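Next come two complexes built around chain A: one with chain B, the other with chain C.
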Partner chain A sequence: MDIFIDALGETFAPTTAAFALAAIGLNFHYGMTGLLNMGHAGFMLLGMYGFAISTQRGAPIWLALIVAMVVAVLFGLLLGWPTLKLRGDYLAIVTIAAAEMIRFLGRSQSLQGLTGASTGIRGNDYKYTFEALSPFPDERITVGWFTYHGTLSSSWWLRVVAWVMVLAFALLFWRLSKSPWGRVLKGIREDEDAVRSLGKNVYWYKMQALVLGGVIGALGGILWALGNAVQPDSMGRPTTFWIWTLLLLGGAATVFGPVLGSVLFWTSLVVVKRVAGVLVPDSWMTQSELEPFSLVLVGITLMCLVVFRPQGILGDRREQAINV
Partner chain B sequence: MSSTDPFVKVTPEPGAPKPDPIVVAHGVKRQFGGLTAVDVAHFEVQRHAITALIGPNGAGKSTFFNLLTGFDSPQSGEWTFNGHSLAGVPSAKVARTGMVRTFQLTKALNRMTVIENMRLGATDQVGENFFAALVPGLWRQREADITAQAHELLERFKLYDKRNDFAGSLSGGQRKLLEMARALMSKPELIMLDEPMAGVNPVLTESLLDHIVELKAEGVTVLFVEHDMHMVRRISDWVVVMAQGKVIAEGPPTSVMANPAVQDAYLGAHHDTDLPEEL
Partner chain C sequence: MTIERRTVVRAVLVFVVAALAVTLFSAMTAQGATVSDSAVSSDISMTTTTVDIDPPDDAASEPAPTSYSGSNRFLQSIVNGLVFGLLLALASVGLSLIYGTTGLSNFAHGEQVSFGAVLTYFFATQQPVSLPMIPVSFVIGMPLVPAALLAIAVAGALGWVQDRYLWSRLRKRRVGLVQQMIVSIGLSLAILNFIQWWVGGRRLRLTPDIDPRYQLGPVYLGEQTLISTGIAIACLLGVGFFLTQTRRGRATRAVSDNPSLAAASGIKVDSIVRLVWVMAASLAAVGGILLALYENGTAFDAGARLLLLMFAAVTLGGLGHPFGALVGSMVIGLVTEVSTVWLAPDLKYAVALGILILVLLVRPQGILGRAERVG
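== the complex of A and B ==
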């Protein structure tokens, strides 16, 4: 029963929402435009640095959000400028390298005063502007099976805000994917030269998609940081790959694919971990070994998915099967 | 069809000036390392006519197409469309000036429906702007107009019943038709078709030829690359022959193949001499 409630709680946890939002950003890149952004965690990390550092220096929450988004826009422009004229693979190489550079820069000792180096920034140093806006009481609240704090950290307040944002951006994705703008991007996904021959400025459209998806990724990073702490090493390559995984799991180019993917990914991770904790005796595997083990199991499940349902759960096979 | 043949006074020689040229290219040279792919001294396309560009494989026809439409840039040369220079102009902008092309290897947008392919070809859709896209009221009307125009073209190209199918599910020939129809969505002044009949079955070829002739009747200028001499003879008003990157001959379709330079290019200079005994 505990396992069930834990798993159910995970379906609407802030982390799930944060990854869903980041995946919506990646869906603009990959699902709609076909851009291979392999450094999405870099956008998320920049978002949280932008938010946390400006808050620490006394910025109100709206300004901190703007700072985070502007930083993501600049990062997107910087990445796109040399690479979007080249073939898709170059963007993948550059983004994965750039995201790692952001992480290493963030954890370098010389930036200790700004980013807190490898220890990062403590939650209490930047969460207060967000928590001050909470309409919920400053205590633990129980709704049904779930008990969380009303306001602090991984709270009801954060859950509500996070899921409202996820829904708002899912709506934005829906609106844009059904618009002439989205049609141009889908055309670019299929064949750049064809779209170019029809008189569209392909480079500029790709740039718009890259920047927009990056900004959404940065907002996802902020959500994540509001439930946890700013920690450069939590935004490494695995994070990017998880976002890719859950996007493909749910179904790229679909409106709810990223959301469903995130929910399934995080829930199944908890279920596998807890079930293995009960079933696997300590003499086989210690508790600390269960975490990587459950990731392996999830990985195998995903490989099966790619083999047997390459379009993801919600995807239309004719439109978006993984093309390998 | 037309009362007077605009080519009456044109001398059938390489680089011949035309009475009313829509495209004029001069000294266009493209080299890939040591290989000169295109070296066109002078080239003109007559307005409101169907001009065929022929030549053996590797003659540089497609490269020349790429150069004219901004998909590749030459080392040197000048070319104009309607009197405006297009040297260094990016391909998307070239298309917007009214000079639209298709590709030898068909570029249907496979994972989009036929009708979406068509709509993408249209111009002046404000909804293609990011901010306008968020407000459907701004582009709904234009979208309806575009869709009506697309339906009309699809009807003409016998693709109407397929409008909601993914383009990837069409046959090769139907994709060729779709690409051509899509290019027409922008109402171009000049349409450049790169091997429109390649891989198309004979029945479809017939209707494709009819469409091309119809385009001319509507005042569209057509320039096309083709290998099949039968097609070229049937629909073109003027034929330009390229070989080894150069324009080697020009003339009306009835007589151009009789030109010895053309025969040499296609068959080799010694095609009618016996091979020496010792071989």
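== the complex of A and C ==
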């Protein structure tokens, strides 16, 4: 029963929402345009740095959000500029390299005053502007099986805001994918040269998709940071790979694929860890070994998904035929 | 070769931005030099469980600063860079060969590197070891050299198994290259966490011996480092000889050039690719073991930390060009080590990745690559 409640709580946890939002951003890159962005965690990290650092310096919440988004836009422009003209796997290598660079810079001692180096930024240093907006009481609230704080950190307030944002951006994705703009992007995904021959500026369209998805990724990063803390090492390559896994699991190029993928991913991680913790005796697998074990399963899931069901749960197989 | 004016302008712009960034950084570092130095060392000892740990505290690159004048430090870092570049080349030659023959950007190659090193630890250590899911621990404790040879053989066998049961099947199913790349990412995630599950997150030392250090002119080199360098050079010469002088090596280069043409002229492409996988996996293991000796230890994520440097080296030299991987590795090795003269050591990997992005701007096909490789 505990396992069931824990798993159910995970379905609407802030982390789940944050990853769903980040995956919606990646869906603009990969699902819609076919861009191989392997550095999505870099966008998330930049977003949370932009938000946390500007809040620390006394910026109000709207300004902090704008700073985070501007930083993500600049990063997207910088990344896209050299690589969007090259073949797809160059973008993959450059984005992954750039995301790691951000992380190395963030955890470098040289920038301790700004980013807090490898310890990062404590939650209390930047969460107050967001928490001050909360309409919920400043105490623990129980709804059904679940008890969370009303306002602080991983709270009901954050859950409500996070899921409203996820729904809003899913709606945006749905509208944009039906728009003429979205049709051009899908055309680029299917056949770049054909779109170019119609007189569209493919490079510029790709750039727009990269920047838009990156900004959504940054917002996902902010949501994540509001539930946890700014920690450069939690936004390494594995994070990007998880986002890819859950996007492909739910179904790339679909509206609710990222959301479903994120819910399934985090819920099943909890279930696997808890069930293995109960069933497997401690002498076979200690508690600390459960984490790598469940991530082995994540890796294998990713491999099997790509080979056997590239369209994911909700997707359409014909939409996922992209290649370089 | 003609260089467009726009490209040059772009390059100059990026150089200016990079120079500004470096100046800014060194100014910041100089401000808190004493603070940050002590903080760096404490930081290294602090982070043991994070997935990517900062640059390892290799014994050779952290000399006592008081006994060193500026130029000596510079020379020492050049020597360290050359050694590191050679070891990196061992690991990345395989990555380049695989890319050349199959077109796959293999993100799981870093795990081959750590697998070799961890397996050597498994065979050689005097500590009790165990396998995942099996609640028995035992001591193998072989001498280092046979342990390393056995580990290389097992790693090579893993390469064979991977190609036989995974990659060749994907090629037969005509799974696209992008999809294959994502499969390799999944594989890397699985192997990385499997190794962590197996040996845990601590730092593993292959040998308890303390490495005697020699002074050669103005620079210091450890005995293990010298031997490792020798082995690395021998292996690289062997690969070079194989590729240029033997029949199979020429066939490999032919497949790398144009697989269908090679198949049409009677080369068995599949068996060449299989051979390349075995070679790549065992070379990666050799690189992993030598790097573990050079850095005085290894960890489950040693290869994962190297993966991007390997990609940088391979892209820099020209994707799919085996000698390009060597050139690129030397550049990356030199850049990472020499940058520590001016910048904080925890930034040296960031510098290498910056160089990668810079080169892609100016010459996307890499130093030795040909322009038509880029789409």
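To be clear about the criterion, the second predicted complex is superposed on the first by the 310 of 324 C-alpha atoms of A that agree within 3 Å, B and C clash if a C-alpha of one lies under 4 Å from a C-alpha of the other, contacts with A are read in each partner's own complex, and residues count from 1 in each chain.
Heads up, the rule we're going with is that a contact is a pair of C-beta atoms (placed from the backbone, for glycine too) under 8 Å apart; a residue touches a chain by one contact, two chains touch by 3 or more.
Quick caveat: nothing in here was measured; it's all calculated off a predicted structure.
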| item | value |
| --- | --- |
| Which superposed partner A:N201 touches (first chain B, second chain C, both, neither) | first |
| First (chain B), second (chain C), both or neither touched by A:I3 | neither |
| Chain B versus chain C as contact partner of A:E190, first or second or both or neither | first |
| First, second, both or neither for A:I61, with chain B first and chain C second | neither |
| Touched partner set for A:P180, first chain B, second chain C, both or neither | first |
| Chain touching more of chain A, residue-wise (chain B, chain C) | C |
| Which superposed partner A:V160 touches (first chain B, second chain C, both, neither) | neither |
| Chain B and chain C contact sites that coincide on chain A, given as residue numbers | none |
| For the chain B and chain A complex, residues of the former touching the latter | 69, 71, 90-93, 95-96, 100-103, 107-112, 116, 119-121, 123, 125, 127-130, 132-134, 136, 139, 143, 166, 168-169, 179, 182-183, 185-186 |
| Chain A to chain B touching residues, read off their complex | 172, 175-176, 179-184, 186-187, 189-191, 193-202, 208, 212, 318-320 |
| Touch list for chain A against partner chain C, complex | 36, 38, 82-83, 86-90, 92-94, 96-98, 100-101, 103-105, 107-112, 117-118, 233, 236-238, 241, 244-245, 248, 281, 283-285, 288-289, 292-293, 295-296, 298-303, 305-307, 310, 321-324 |
| Footprint of chain A on chain C - complex, ascending | 10, 25, 28-29, 32, 36, 39-40, 43, 46-47, 50-52, 54, 105, 132-135, 170, 173, 175-179, 181-183, 185-194, 196-197, 200, 304, 308, 311-312, 315, 343-344, 346-347, 349-350, 353-354, 356-357, 360-361, 364, 374-375 |
